[in-house]
Structures are given as C-alpha cells and as structure tokens.
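Note that subunit A is present in both complexes that follow, paired respectively with subunit B and with subunit C.
Right after this comes the complex of A and B.
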C-alpha cells in the first residue's frame, strides 16, 4: 500500500476514533457514576442531531450551525436529566438496578427513536458542514470539517477532564461514584449529582450527534451503530482512568479503518469483535484495567 | 430549658423487611458526649445510619437542635413484597439536610473514595459545613491533629493503611465543621499503638468543644471520653449509665450477658 493510502486510512481512523472517544466518554460518565449502562445513549446521539437540524437547517429555523449545536447540547442536557428521573431514579434503591436499567434505558431508546421518526420523518437529513474546504498539514490533506471536528472533540474532552479533576462539582461527582454512602454523609446532594452526570452524558451525546450529522446522513436510528462501537470501546479499554476510553476509542477507530480497507465494510465489525474477544481473554478488565468500584 | 442537641423519641427502624431496633429514646445536650456500647449485630450501626438519614426510620422522631429531621408519622405499610414502594413513596429523611445541619457521621470501616487523593477527599468534605467555618482553617486543624494526613495528602485513599484511612475519615468529618460528630467504631481493627494515637486525637477533638457520639468496644476508652454511656442490646437501649457510676468492663459484661457462672 502506498504512503498516501496509508495516511488516508490513518486519518480516517483518527476521525472515527475522535467520535468514538466522545461517545464512549459520555457512556463512561454514567457508567462510572451510577454503575449502569445507558442504552439510550445512541438515541441521545440521534436526538441531539435532530434538535441541531431543527435549529440550524435552512429548511427549518435556519439559525446557523453554531446556534444549532449550542441549542442541541443545552436541550439534550435537560433531556438527559428527564431520562434519569423517569428511567433510572424510580429503581435506584432496588438491588437489581443494573438489570432493570438495561430494560428501562432500552425502552427509553425505543421511545426516543420513534418520537424522532414521528416528529421529523424517516427521510434522511444532513447537517451543514462546520467549515468547507480542505486543510493540509505536513503533506496530509484532510477535509477541514474533519480537522475542526477532531480539534473540537479534543477541546471538549480536555475541558471535561479538567472539570472532573478540579471543579468542586466534578470532584463531588467522582466522590459519589466511588462511595455513594460516604458522599451522602458528607452532605453531597447525591440525586442532583446523578442527574448532572446523566445530563452531562446526554450533552456529550448531543455533541457527538452534531458531529456525526455533519459527516453522515441522519436517520432516527443513526445512534445505534455508534452506541455499539462506544460499548466496545468502554469494554475494550476499561474505565480505570478518564483517559482510558479515549485511548481505546482511537485504537478501535484505527482498527476499524484498517479492517474496512483490507477486509471490506461488512467485515469490519467482525474483525473488531474478534480482536476485542482476544483482548478480553488476555486482559479481562480491558486494556487499561477496570475502575475500582468499592464494595459498599 | 435549652433545646437539646439531639433528641430521639421512640425511634424504630431497620432494613426491609426486618426491623432491627425499636423504641430508642435518648436526649443529649450540646455540652456532653455519649457512648454506645453493646454486642455486635444488635443494631448500633443501623441506629446511627438511621439518625444520619442513610436509611429511613419506621417510627418515631429525630430532632436535631430542636428541628425535626424526619417526616413525622409512621411509615406506610409495605405488605406486598414485590411492589416497588420506592417509586410511590417519598423518602422520610434527607441525609444532605442532616449533614448540612451539622450532624456528621463517620461510618464504621469507612472506605472513603478509593481513587481520590487525600487532598481531593478533604476538599469535597466541606460541602456539609454550610459556611460555618472556612475550609482553610479546618484543613489546618486537621493537619495539626493528624500530621500523617498532611504527609500523605497526595496519595490515593486506596494506598493508605487502615489507620491512615480512619484519620482521613475523621479529618473529613471535621472539615464539615460538625456540631455533633458520630464516630462508629473509630478504632476497629487497628493496632494498639495506632489505637492509642487515634484515641488521643479523638480526646483532642472533644476538648475543642465538639460533642461526640462514640461507638466502641473498648470500655476504658469510652470512659475516658464520654459523660453518659448507653448500653445497647437486642435493638434498644437497655441501660443508661452516668460518668460518676461508670462500671468496669467485667461489670458491663455481666449486665449484658448475665453473671459469669462461678
């Protein structure tokens, strides 16, 4: 394979990796804080994209891309909080919360996707690109849209990482994640922090939706494939640190790009799963180890 | 008459569907400290978890500084085992409200936040202080009391020894500027040397004017610390003993388990 093709595949993989990193981090925020997998995350991605379309597209409100992205992120934060209140909170004190929340979030996903279908119809839509044209850097040419997208993802993830590490609310969220009871005894508002975690995760999904919507066509089920990839990323990389799903996302993105190039589009998921299974046989806690949840 | 600091009136509670303690009444004023002593598995910890709002009481009242902390009244019947009562009933206690009122509970065998550093943990703790004290002053106080905590401030909690962890837990309690500090078996599982060190620190906390409720298995330690000792067995207070008539360990054992056969 020539150097050009190689670079082309690698940049494609990195763009995918950036998107997966955004989605997987959204999943990981809920997983590490509440201890559940949010299967509605894919539907959040779709809903975020459609809200952005409604605000930004010339056929609808026509307020431009930035307004669409902002409205979508803020709107999805509240959708996330509502989903937490309806789908998770009623079962919070049940011992089998994990299993119950699988079903309730799947139900939520299905309701959201059908809602999108009813509201906006199933005809494919697309968000406008953030910027047009190409950029060249050190002999590599990629579309400016994808370059901007990757920069945005890195900025968003850095800000989120700093928030969790430095901000009082972020530290409180980590504390609640690690020991709910001690956090309660220290006077932290656990239900509110859970709601914030869910809202934050949905806002990250909205970002992902806005970005995906600008490079692919939007359908009500556009989130299910990225959701599956994000699940692979979270399981593959583990959530030992804030950065582990991010590294794993880039690895998965690159594997997918190379698998697509060599084995074809239809074989890419199979290759991905095969590699994931091999990794899990050798390292059952994921590439970077599992988050140390406490017994209590 | 001044309002008591903490007043429990005929309190009962437990874990669904098992009731663990019943008819617990006690009154403590702001210038005293009390101790709870009794066999393991008789509900001391469950009682304290109820007082701090982790679980809901079934009956009775919890008053802190004259303020009712639980929603009054008896909890509704929970006759149907498979029914999700949490979805239709409101909680009767709010642990955040209790903590912010100044009732700070340092639980038994506190694991804290394993992946956070000591410094981060202590920076989260003033959430409950509700502006009663400046976090910086409190941190200084904690560091003077436990120099080890200062030395280990950049380490993650999970790399600390049991004694150090207990120091951080009590330190985090102090960061909340408590008006009443509940210590549930603070010296559990520690070496005699560490136990000595920790009990000295707890005495310092007491003499700085913080009222305490202490659960411990060491009667001599409790005697040196508290004004009133409550014997707790079979889920209720069986005896109240004032400091003046404090009996020896053997006498207490006799009260709890009957006379030793000769």
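Right after this comes the complex of A and C.
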C-alpha cells in the first residue's frame, strides 16, 4: 500500500468520522439526558435535509445554502420539541419507558419518513455543494466541500461543548442527566430541559442531514444507515463524557474506511457490528466509559 | 405456590374453542384468494409476535434480533429447499432449528447485559447477520434475495390451488401448535422461572433458578416457532428477501406485540389479526397508511399502556359487574319469600354509608330472651349460610345477618372504597344501628371473622365474639403464609374470575359438597362480584391487624374459636400458638369433621358449642 493510498483512506475515514460524530453526539444528548434511545434520529436527519432542500434549492424556494441550513436547524429544533411532547412525555411515568419509547420513536420515525414521502415524493434529490473544487494541504488533495464540512462539524461540536459546559442551560441539562431528582429539588424545570435536549438533538440531526444531503443523494429513508452508524459509535465510545462519542466516531470512521478498502464494501458494516458486539460484551459502558456496578 | 387449572377447565377454554371453530370455517366464508392471503399473513405474524412475547414480555429480555430469527428461517428454507433440493416439509422445520441455534448465539452477549444495552446489542447482532447474508450473494442472492423458492405440495396436490386453501390450514395448524407450545411453556415450571427472572432476578437466583440457563432457553424457545413460521413464509411467498431485517418489519411486529399486550400470549394473536387486516384495508393509501398506523399505535399506548388485552380486561370487568349486579337486583324481590322462609326472618334493604345492604332480622323472640346475635358470612357466600343457626337460636335470640356488598342480594359497590374489611365492619355497625341492637354476640365466619374482630376492636360494644375458619393475623400479608395452608383452593379466594370448575371447587371447599340443600351456597359464588374477592385480598394491608391482636391478648371481650377439625385452609398449629387473654375453654375449640364451615356441616355440634359460649359470655 502506497503512502498516497494510505492518506486517501485516512482522509476518507476522517470525513466519515466527522459526520458520525455529529450524528452520534445528537443521539447521545438524548440518551444521556432522558435515558432513552431515540429511533427517530435517522428520520430527523432526513427531515433536516429535506427542509434545507426546500429552502435552498433552486427548484423550490431558492434562498441559498446558508438560509436552507439555518431554516432547517431552527425548524428541526421545534420538530424535536414536538416529538418529545408527543412521543416520550406521555410515557414518562411508565415503568417500561425504555421499551415504550422504542416503539413510539419508531412510530415517530415512520410518520416523519411517510410525511417526507408525501410532501416531496420518493425521487432522490441532492443539495448543492457548499463550495466547489479541491483543496490541497501538505500533499493531500480532498474536495473543498468535504474540507469545509469537517471544519463546520468541528465548529458546531465546539460550540455545543461550550454550551454544555459554560452556558447555564447546558449545565442544567447535564445536572438533570446526572441526577434527575436532585436537579428537580434544586428547582430546575426538568420537562423543559428534556424538551430542549430533544430539540438540540434534532437540530444536530438537521446539521447532519444538511451535510449528508450535499455529498449523497436524499431519499425519505436516507436516515436509517446513519442511525445505525450513530448507534455503533455511541455504544463504541460510551456516553461518559461529551467527547467520548466524538473520539469514537473518528475511530469508527477510520475502521470503516480501512475495512472498506481491505474487506470490501459489503463486509465493512459486518466488521463494525462485530466490533460493536465485542465492545458491548467486554465493556458495556463503552471504550471511554467509566466502570459502573450496574448498567441501566 | 401458584394455581393453574388444567386448560380444559380454565376460563379461556370455551372462548378458545369458539375462536378455533370460527378460524376453521372462515375460509368457507372468505372464498377468494386475497382474503385468505391476508389471514395467512396474519397467522404468520401472530406466531412470530407471540413467540417474541415469550422473551420480551415474559422474560423481559428486549431481544430486537427476533426479526432476524424469522429471516433466518426464511433463508434456511430457501437454501435447503431450492439450492440443496431438500423436501420443503423438512426444510420448513429446519428453519426452526437454525433459528434456535442463532437464538442461542444471541443469548451469549445478552447474558451479560441488561436494559437498553440488550436492545442495542441485539440490533447490532441483527444487522451483523443482515450484512453477512447480503455479502454472500452467490448463496443468498445478495440484496435482491432468492426467488422462485419451491412451494408446498403433498401427493401432487399443490397447496396454492383452490384459492390457497392448503396454505390456510397449514398456517392455522402452525398457529395452533405455536400457541399450544407457548401456553404450555409459560405455565410450566420453566415458564415460571422465566417470569421470576424478570420480576426479581436476585430472589429467583437465590431460589435456585439459573440466570444463564433460563435466559438461554427462553431465547431459544422463542426462536423455535419463529423459524418454522419463517420457513412456512418462504414456502408461501416463495421469496427470501433481506427486507425482513428492516426497521419496517420490526416496527410491525413490535406494534402487534405492544398493541396486543406484552406477557399475555393471547393479546398478540388478536392484535396480529387486527393490524394485518387494517393495514391491508388501507393498502391504497400509500404513505398515509404508515402515518395512520403509527398514530394509532401511539394513541393506544397513551390510553392503554397494557395494550388491547388491558382494554379487553376492563371490558370484561364491566360485563361481570353488570352481570352480578343484575342477578342481585332480580333476586332481591323474586326470591325474597324463599330466603325469608330459609332463615325464618324478615329481610330489609338498608341504605348504609357504603351502599344498599340486604339484612335479615328474626325479630325479638317471645318469652325469655338471650342476647341478640349478629352473624357475618364469609367470602363469596351469603347470609342464608346461617340457616341452621337462625332456626336453632331464633326462638331464644334476636338473630341478625346481612349480605356483604357484592354478595347475596346486596348491591355491588365501589371496589376501591367498599371491598375491604374496615368498610365491612362499618356496614355491620350501620346494620346494628338500624335495628337498634346493643351489645350483641358477634359470630363471623372466615372473612366475616375478620369483620367481627374489626368491629369489636374498633370500639363497638359487644357481648362476645366467636369466629370460625379465621386465623387472627398480626401482620398482613406476612402472616398469611403461616396462618393458612396454601391449598390450591385458597388461591381462588382472591381470584377475580372463577371458571365453573373453580366455582364448584371453591364452594365445595368452603361450604361443602353440592346437595339440594346447599345448592344455593354454590350459586352464591356465581353471584359474587369478582372485584369483591380481588380487592378484599389486595387491601388486606389497610386493616389495623395489631389492634385486633391486642384486643385478643388483653381478653376484655369474651372470645371463642370454633373451627372444624379438618378445615382445609387453616394451619391449626398457628392458631393454637397465639396468645389469647380470654378464650372459651382455654383453647381453640375444634368441631370434629366440621370442615371450613362447621355450622353447615355439623350444625348440632356447632350449635351446642356456640350456645355454651353464649351462656358463659353472658355470665361474665
């Protein structure tokens, strides 16, 4: 394997990793805060991409890429809040919330995907690229679109990290995630913070959808593959820290790039799932997770 | 100790027979291929969902690779029957074997995890199998799957002929076999181990249930008929496609399971029929169909988290309440003369603070009179159970008795407020106040014994208390295990719905064999509001038991225990071991061969003893 190919595979893996980091962080925000797994996250990604298309594409409103991304993120925040209110909140007091939320979020995903199908049809679409052309850096040439995309992802994740660590609302969300009862006793409005967490997660999904839509074709079911990848990443890295899924995302992206190169396109996902199962058996709390006596 | 009647004698037997008969003649009503196609699909989904219920509902194992077990059954059939040319009749059950083997593999990671991690690892497992299958395109056909699989035939009769009649009955036979398998399994020792492992893992382990073995076998058992159904499905649609791994199929099955009600077996069977028919009926709505189904699922789960089965149970309770209420209302006027003749007393409907109560009063006796006597009957009985005593003591005592709410000809009542011992004691007070009776002798039988003790302990002035078939308790429900011998009939005391056999067993164990003379006591069980049994047992905790015990220990009230020596429910050693301040004859008095109701079985011996107790109580 030549150095060129190696660099090519690595950059491919890093781009994948950046996208996975965005998806997995969105998934992890809901998981850590509410303790449930949101199966509608893939549909959020698809919905985000389609809203952006509706606003930005020349065939529709034609307001440009930036307006599309912004509108999509804001719109999806409210979709996320609505999903929390309709799909999760009614079941919060049920003892089997984990199982019930699986079926309700699956139902929500079904509604969103069918809604996309009705509104925009099943013909595949594509968002315009952010920038055209290639960039070269230290002898590596990648498309400018992917480079910009990676920069954007890093900026978004940094802002999110700062929000969670510094902003009062972000700190309140982390407090609720750590101990719901104590947070409630301290006067935090838990249902509101849950709604914000869901909305934030959906907004991150919208970003992911906007980026995925510019490098791949969009279909109503475009979110199911990213959802599976995000699931692998979250399990792989655990959710002990905000950064755990991000590191895990880049590792998974690199593994996938190398597995695709060596084992072929069809075997790459199988390798990933096998690795995920091994991680779950040996260290259920994730690679970067802390040891806990009980795993809920 | 758990009580399960054999299936032919349980409540579910007759409805099951009716459902089977309907399903057997259904193809003669729906003669076209399309209707039968929908029914066949519904049967297949029902088998898969009900099998999933074993691991998910009963076992609490969130195995989301269950759809993979089904898909593996389909592919096993495809590879064996088409590629290797094996007979479809062997390839179909072979699907069950491979699915079981795969379930065993899935169990390995599941054994170490719990909760949401099980969901995640099984989804990963399912995706792993999916990836392996689509990567082996020369064997499995890759993403496009395998087509033109061999179909079922027997002696050159192709099952697809005559509008799929052969497939219909094969699917029905599979459904019956799968249901029988799951039903038997959940009621077996092993089935109880599965549920115990779900409800209290560490307690089950301390009682010798192996966690690994139980979970492994539960998953494998859930795979058996899933795989066979997969094989059948492969022979029916003649395609093995990787679509079965998708979230769509998973959502369909999960909604069948949760809509029907987890841990019920029957719920998913009904829900499979409803959802399949509904989703086919909306087939031309396109994407709207998915939206309608998804919204329906969420709405049902919001209003009935227990699924349609829970809704059905509520309906059944309403029906049973109306039925027992109507029986009471009809009898109130119609058979009044017969009841009054039986007791030689006048019956009055009294409006108490807990509803309308039927009470009987023999009136002040002529000549020299002893103290008035209040007699309180037991669970699922009626005041006429004391016919012998009313006749024997009616000439010398004023005899009073009443039907508990939900029993006899008293009205049914609010189960939350009325069906408990303290409320019953308040009703007894109201009845005494209505007749203006002061300081009676109170006799209580079984549940009535607790009411009598509660009445006296709450401060009502009584001349004496006698109980039969009642072990006094200090702590409920902890003492119940010691105080009673846990026979299977004892479980019936708190069971809401009794089958005809159970009614007979319960009445025989409490009041004796059915004879023309005691037929009305057997009938009383049928009239009793099932909620009265259920709520009374679940609300045993609201009684102030230590107060009753203290009263017995202090001995200020003359007290007698008149048990049958062969009472099938009581632990006589427990009763004899308690401390009594003032008990007639110094110890519990046993009446030979009296059973649970000595005053019915051995009225003469009972009346002699009771009369002696009354005499001593009046002398004090």
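Note that the second predicted complex is superposed on the first by the 288 of 296 C-alpha atoms of A that agree within 3 Å, B and C clash if a C-alpha of one lies under 4 Å from a C-alpha of the other, contacts with A are read in each partner's own complex, and residues count from 1 in each chain.
Everything below uses one rule, namely that a residue touches a chain if its C-beta (ideal position, glycine included) is under 8 Å from a C-beta of that chain, and two chains touch if they have at least 3 such contacts.
Quick caveat, the model's predicted, so the values are computed rather than measured.
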Checklist entry - Are subunit B and subunit C a fit on subunit A, or do they clash, once the structures share the same frame? => result fit
Checklist entry - So, does A:175 touch the first partner subunit B, the second partner subunit C, both, or neither? => result first
Checklist entry - Of the partners subunit B and subunit C, which touch A:194 in the superposed model: first, second, both, neither? => result neither
Item to check | subunit B or subunit C, by number of subunit A residues touched | outcome: C
Checklist entry - Counting only touches as set out at the top, which of subunit B and subunit C does A:224 meet: first, second, both, neither? => result second
Next on the checklist: Under the stated touch criterion, which partner chain does A:211 make contact with: subunit B (first), subunit C (second), both, or neither?
Outcome noted: neither
Checklist entry - Between subunit B (first) and subunit C (second), which does A:84 come into contact with in this model arrangement: first, second, both, or neither? => result neither
Next on the checklist: Contacts for A:250 in the overlay, against subunit B (first) and subunit C (second): which applies, first, second, both or neither?
Outcome noted: neither
Item to check | Vertex subunit A, arms to subunit B and subunit C (CA centres, degrees, nearest 10) | outcome: 60
Next on the checklist: Taking the superposition on A as described, I'd like to know which of subunit B and subunit C A:118 touches: first, second, both or neither.
Outcome noted: second
Item to check | Partner chain(s) touched by A:92 [first = subunit B, second = subunit C, both, neither] | outcome: first
Checklist entry - Counting only touches as set out at the top, which of subunit B and subunit C does A:50 meet: first, second, both, neither? => result neither
Checklist entry - Closest Cα approach between subunit B and subunit C after superposing, in Å? => result 5
Item to check | Intersection of the subunit A residues that touch subunit B with those that touch subunit C | outcome: 90-91, 94, 295-296
Item to check | Complex contact set, residues of subunit A against subunit C | outcome: 35-37, 39, 86-87, 90-91, 94, 96, 98-100, 102-104, 106-111, 113-115, 117-118, 224, 228, 231-232, 235, 264, 266-267, 269-270, 273-274, 276-277, 280-281, 284, 295-296
Item to check | For the subunit B and subunit A complex, residues of the former touching the latter | outcome: 52-54, 84, 86-87, 95-96, 99-100, 104-107, 110-116, 120-121, 123-125, 127-130, 158, 172, 176
Next on the checklist: Quick check: in the complex, which residue numbers of subunit C touch subunit A?
Outcome noted: 56, 62, 64, 108-109, 112-117, 119-121, 123-125, 127-128, 131-132, 134-135, 246-248, 250-251, 254-255, 258, 262, 286-291, 293-295, 297-298, 301-302, 305
Item to check | subunit A - residues contacting subunit B, complex | outcome: 90-94, 168, 171-172, 174-175, 178-179, 181-190, 291-292, 294-296
